[in-house]
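The structures considered in this document are given below.
What follows is chain A paired twice: with chain B in the first complex and chain C in the second.
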Partner chain A sequence: MAEAALPGARLERRDALLGLALIAPTVLVLGAVIVYPLLSAIYLSLFSLYTPTLEGHWVGLANYRAVFGSGGFWSALATTAVWTVGTLTLQVLFGLAMALLLHQNILFRSLARSLVLFPYFLSTVVAVLVWRWLFNDLYGVVNHALMAAGIIDAPVSWLGTMPNAMLSIIVVGAWKFFPFVVIAILARLQTIPEALYEAARIDGAGPVSRFFDITLPQLRDVLTIVILLRTVWDFKEFDLIYLMTGGGPVNGTRTLPLIVYQQAFGLNQMGLAAAHAVAMMLVMLVFMLAYLRRAGGRVA
Partner chain B sequence: MVQVVFDKVRKAFGDTVTIPGLDLVIESGEFVSLLGPSGCGKSTTLRMLAGLEQPSGGRISIGGRDVANLPPAERDIAMVFQSYALYPHMTVAENIRYPLRKRGVPKPEQATRLAEVAALLQLEPLLDRKPRQLSGGQQQRVALGRALVRDPSVFLLDEPLSNLDAALRAHMRAELIELHRRLGKTMVYVTHDQLEAMTMSTRIAVMKDGVLQQFAPPAEIYDRPANRFVAGFIGTPSMALAEATLLRDGGGARLQIGAMMIDLPGRHAAAAPCAVTVGIRPEDIVVGQGPWQALVRLVEPTGHETIVALEAGDLALTARIPGGPRLHAGETVAFDVNRARLHLFAADDGHRLALDITDTTPPRSA
Partner chain C sequence: MTNRQRPALIASLVTWPLVLLIAFPLLWMLLTSVKPQAELFTTPPDFLPNAITFEHYRRVLEETAFLQYFRNSLVVAVSTTLLVVVVAVLGAYSLVRFAYRGRELLASLVLFTYLLPSVVLISPLYLMLVKLGLANTLASLVAAYTSFALPYALWLLRSFMAGIPEDLEAAAMVDGASRMGAFVDVVLPQALPGIISTALFSFILAWNEYLYALVLVNSDEARPLTTGVMTMLISAFNIEWSLLMAASVMMSVPLIVIFAFFQKYLTSGFGAGGVKG
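Coming up: the complex of A and B.
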């Protein structure tokens, strides 16, 4: 019996080795690009470091006391929340509306479907340059158009005053990232069986009923995932805000990623920057856990 | 009384005409099957009746009411879809109540009617489940329940059994027959499965390329197919169709099929001589005795009967003989045909010849 079982056992061991060999590259790459930087950020956050030389000394949790004790972190967290909620809401509403429109049999549908991706693929630097020009208070098209339409009497400083600056970045963020929402929702819309709508028509549901009774429930899963993902991505958005306003006016649009950058490369406080980054990560962990539960639940 | 009338109904998708002009009158309380191969226009016909497609011409009326401008919800119809189309996020109870809710039926009445339908279809233990937690047969019953709960005048069923396995299909067939008997409602049933059409319908509308071929009770469709297409389409295994010549022979007539000569009653002589298509059903071939010889090509025992493929010269025949296999492939057997049950069709357009042999015999009991 034992002899008979031997070849099978050897085969199993070989399978196990093969399994390890196949998963090893993934583990190594993830370790190098995720686990190592994460651990090193946590490690750095326990030091007072001068960025250009990375020289400094151990301060323990002093950086964290500074982070949580200062008003800067909390106001930046609030700013980040305003930016995230604002831009995400616009992205989802506009993305949903656009996806529903592109799902209809409209003229030039495939052309429109390609064009809608344009903002998402455009480099942020280029997009921001164009938007800054549009928003310029002296020669910007936005002011010109609003004045021509008689909505405003004098040019408005879109990026230099609050709350205009926040509104501006929220709008540009929504413009830049709504195509992601469109793609995800459009893909789901196309898989909703037509028979459901036909059954609903026979059952007496009008267009509004059909949207709320069939389309929206069918989109619930994809909306949840899209919102979670975009929350995480908007929360840590850096380049768009930095290039649009640099965090100003004063600290009006200074979100958490901007503080991290400012501490690390403006004030050369790498240790404090790392502490800010770790604190920010803790906030994001909430969303990530929600996402993982959602994604894990779907597999199960 | 709810009569369903198709009056010269035409349907074209762009330049493609799928239904050139359909005339069909379905009487109140009938169970009518629209039967035909894929693409014959049967589903389009049903969808036009439901209001999911607009006819390109002609007139459809339900219960004397022209429904051209009525949306599906106002036609007093209910439909069961091939995919069931249950709302996936709603429970069974919510699914069944949905049409009542959308019509503003008061809550207590919704509950009463839900209970009635659930009892009728034995859905009570399933009411709190979601469709994905149900088997195919259970989903089918929920779809029926959603149609029944509104008490419509006409039920439309679009291949409702085709997603079920064979045993369940037979079971649901029986349930549908029983349901139709109890409700006495007009039902229009689309299927490509002739067994379903034959067993359930009061009348079958056989369609091909958008054209109605025959509209008659199942027995008549089987015993007197109106043309060569219906003859070949209805019946499993299908009727053997062969080119033949009708000849005059003194005062009588003879049918020449290849080398075979069959004497026919004298009244057929009037049309002779002419080219015809002769149709012979498998059960009308007698194997083991008779004036002709055939080679046994294939023997397919099914248990209670055996299907035998025969070859007599150029003529390929299929015979159905009761019991287990008594023959072997490769042997030669004598055979005969039941002359009284031969079918004759015009060689040109395939219509059933009026001087038909079976016209003298009554159709077998329905």
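Coming up: the complex of A and C.
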């Protein structure tokens, strides 16, 4: 087939106009639902805007002074950091362990994998309803199980007191999102050449040193990507926390996304909310850029 | 082989209890939904129901707006998926195969939006949709859901299409096919697994979305399941857990179907979607 050898470069340079026509719908839609809202979020943050009437006036950087000058933003930032670090650590450790186990030749492996992956695809609303029932003060299974095991003497309020509420959302977040880590690592594990392990065995390496000398270095790249991605996603998580605790008790679990929502639609300060959102994005930008550098390197 | 079977057995004994622990909340949801109300409040709770009842399912279907919410969710998720897949298939093909200025920038922008928090976009989107007179409509949800589903779909399809050899198109064009002819006859069939995977992800993302629905819709006519079911929780004087669990089970049925029949498309989508290191 001499035709098959036709250089792809010629194909690529031809009809650039067609290329533009094909990308046009994407550009239009992304412009309308992302670029325009993003720019107007920054613009809105310079206004004082009352949500119900949408009337407001220019205040310049006053909103930002309010954001950075009040304690609310900083304590929400700290809360977000606790939530992100807590749930991410559990997700990664448990996800890694589970991926290693599911990589073994266990009984009914595909069923086990399906059961483990399912929470990730489940609606957060469903996950929250189920867990709120499990955490129920009087009739929840969690309290019954812990009492039966002798760990607690009386029912504990899991969502109504601190630090229990934070602990609860961290656990539920880990349960919901660790399958993401499992899938990513499992896929990578399957591509590690068996020959590496054979060689290590011949050299007398035990399972522990095989893990640290072969598996972990091989997983380094995928772990970096997964951790960056999940850091960003956990940081901006709204649904799970809002539905589990609503940010309470008091403001114990009020993370940055919740403060933005609360300002915009609870306190009706849309301009101030936008300033909070932009400030939150600035904090996230470090992780976003790190991810873009890692994953975006493949764009070219 | 016995050398290998023993570790496998030990691994099974370690793994399965953990798997069951992970699956327990969902099993508990199912069991709660078929227990008679009185059985929920026994101390300690019985694991298996003494009697099975479908009364809660009947009540959710007949006494609440569940079916309306379900229909809304279905319309929104299917519309979002169709819109996103059509736009993203063309866009991804353009990003992969054509050279023009700004292409790299656009690809980076797509990746960036993939990380963007919804709460940043929510106020401006709300203002925009109110101005357009679309507040409280299913169309407003489709527009909002496109903001996260389209970047995801573009990113996924882009990497699927990058894996299709260009030679196939070149050969088709030498045989007389036009550029778009080659796209339809050669690229689309090759990209089909990727398209299915993208469609499933878009559908699931739209089906599960909560925040935009919370802000953009406040009437039952346009309310999807996510906010609808939470409304049932809030409006009830006593929280009726068996009703909520029955609603949760029914709300998860499309996901269970997708999961049971198309799981390999979901896992292949993961490999393609930005996770690939």
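Just so it is clear, the second predicted complex is superposed on the first by the 278 of 300 C-alpha atoms of A that agree within 3 Å, B and C clash if a C-alpha of one lies under 4 Å from a C-alpha of the other, contacts with A are read in each partner's own complex, and residues count from 1 in each chain.
Simple rule for what comes next: contacts are C-beta pairs under 8 Å (C-beta built on N, C-alpha and C of every residue); 3 or more make two chains touch, one makes a residue touch a chain.
None of the values given here were measured: they were computed from a predicted structure.
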- So, after the overlay on chain A, do chain B and chain C clash or fit? They fit
- Message: In the overlaid three-chain picture, which partner chain does A:I106 touch, first (chain B) or second (chain C), both, or neither?
- Response: second
- Once the two complexes are overlaid, how big is the angle at chain A between chain B and chain C (Cα centres, nearest 10°)? 80
- Message: Applying the document's definition of touch, where does A:P119 land relative to chain B and chain C: first, second, both, or neither?
- Response: second
- Is A:I169 in contact with chain B, with chain C, with both, or with neither (first, second, both, neither)? neither
- Task: Applying the touch criterion given at the start, work out whether A:A76 contacts chain B, chain C, both or neither, answering first, second, both or neither.
- Result: neither
- Could you look at A:M270 and tell me whether it touches chain B, chain C, both or neither (first, second, both, neither)? second
- Message: By the touch definition at the top of the document, which applies to A:A199: first (chain B), second (chain C), both, or neither?
- Response: first
- Item | If touched residues of chain A are counted for chain B and for chain C, the larger one | C
- Name the contact category of A:I214: first (chain B only), second (chain C only), both, or neither. first
- With the two complexes superposed on chain A, say which partner A:L90 touches: chain B (first), chain C (second), both, or neither. neither
- In whole Å, what is the nearest CA distance you get between chain B and chain C after the fit? 7
- If you look only at chain A, which of its residues touch chain C in the complex? 1, 3-6, 8, 11-16, 18-20, 22-23, 25-27, 29-30, 32-38, 40-41, 44, 54, 98, 101-102, 104-107, 112, 114-119, 121-127, 129-131, 133-134, 136, 138-139, 141, 144, 148, 175, 180, 183-184, 187-188, 221-222, 224-226, 229, 232-233, 235-236, 238-239, 242-243, 257, 260-261, 264-265, 270, 273-274, 277-278, 280-281, 284, 288, 291-292, 294-296, 298-300
- Query: Any idea which chain C residues touch chain A in the complex?
  - Reply: 4, 7-9, 11-12, 14-16, 18-20, 22-23, 25-26, 28-29, 32, 40-41, 43-45, 86-88, 90-91, 93-95, 97-100, 103-104, 106-113, 115-125, 127-128, 130, 143-144, 146-147, 150-151, 154, 166-167, 169-171, 173-175, 179-180, 204, 207-208, 210-211, 215, 225-226, 229-230, 233, 241, 244-245, 248, 251-252, 255, 258-259, 263, 266-267, 270-271, 274-277
- Task: Spell out the part of chain A that touches chain B in their complex, as residue ranges.
- Result: 193, 195-196, 198-205, 209, 213-214, 217-218, 220
- Item | Contact footprint of chain A on chain B as seen in their complex | 50-52, 71-73, 77-79, 81-83, 85, 87-89, 98-99, 102-103, 146, 150
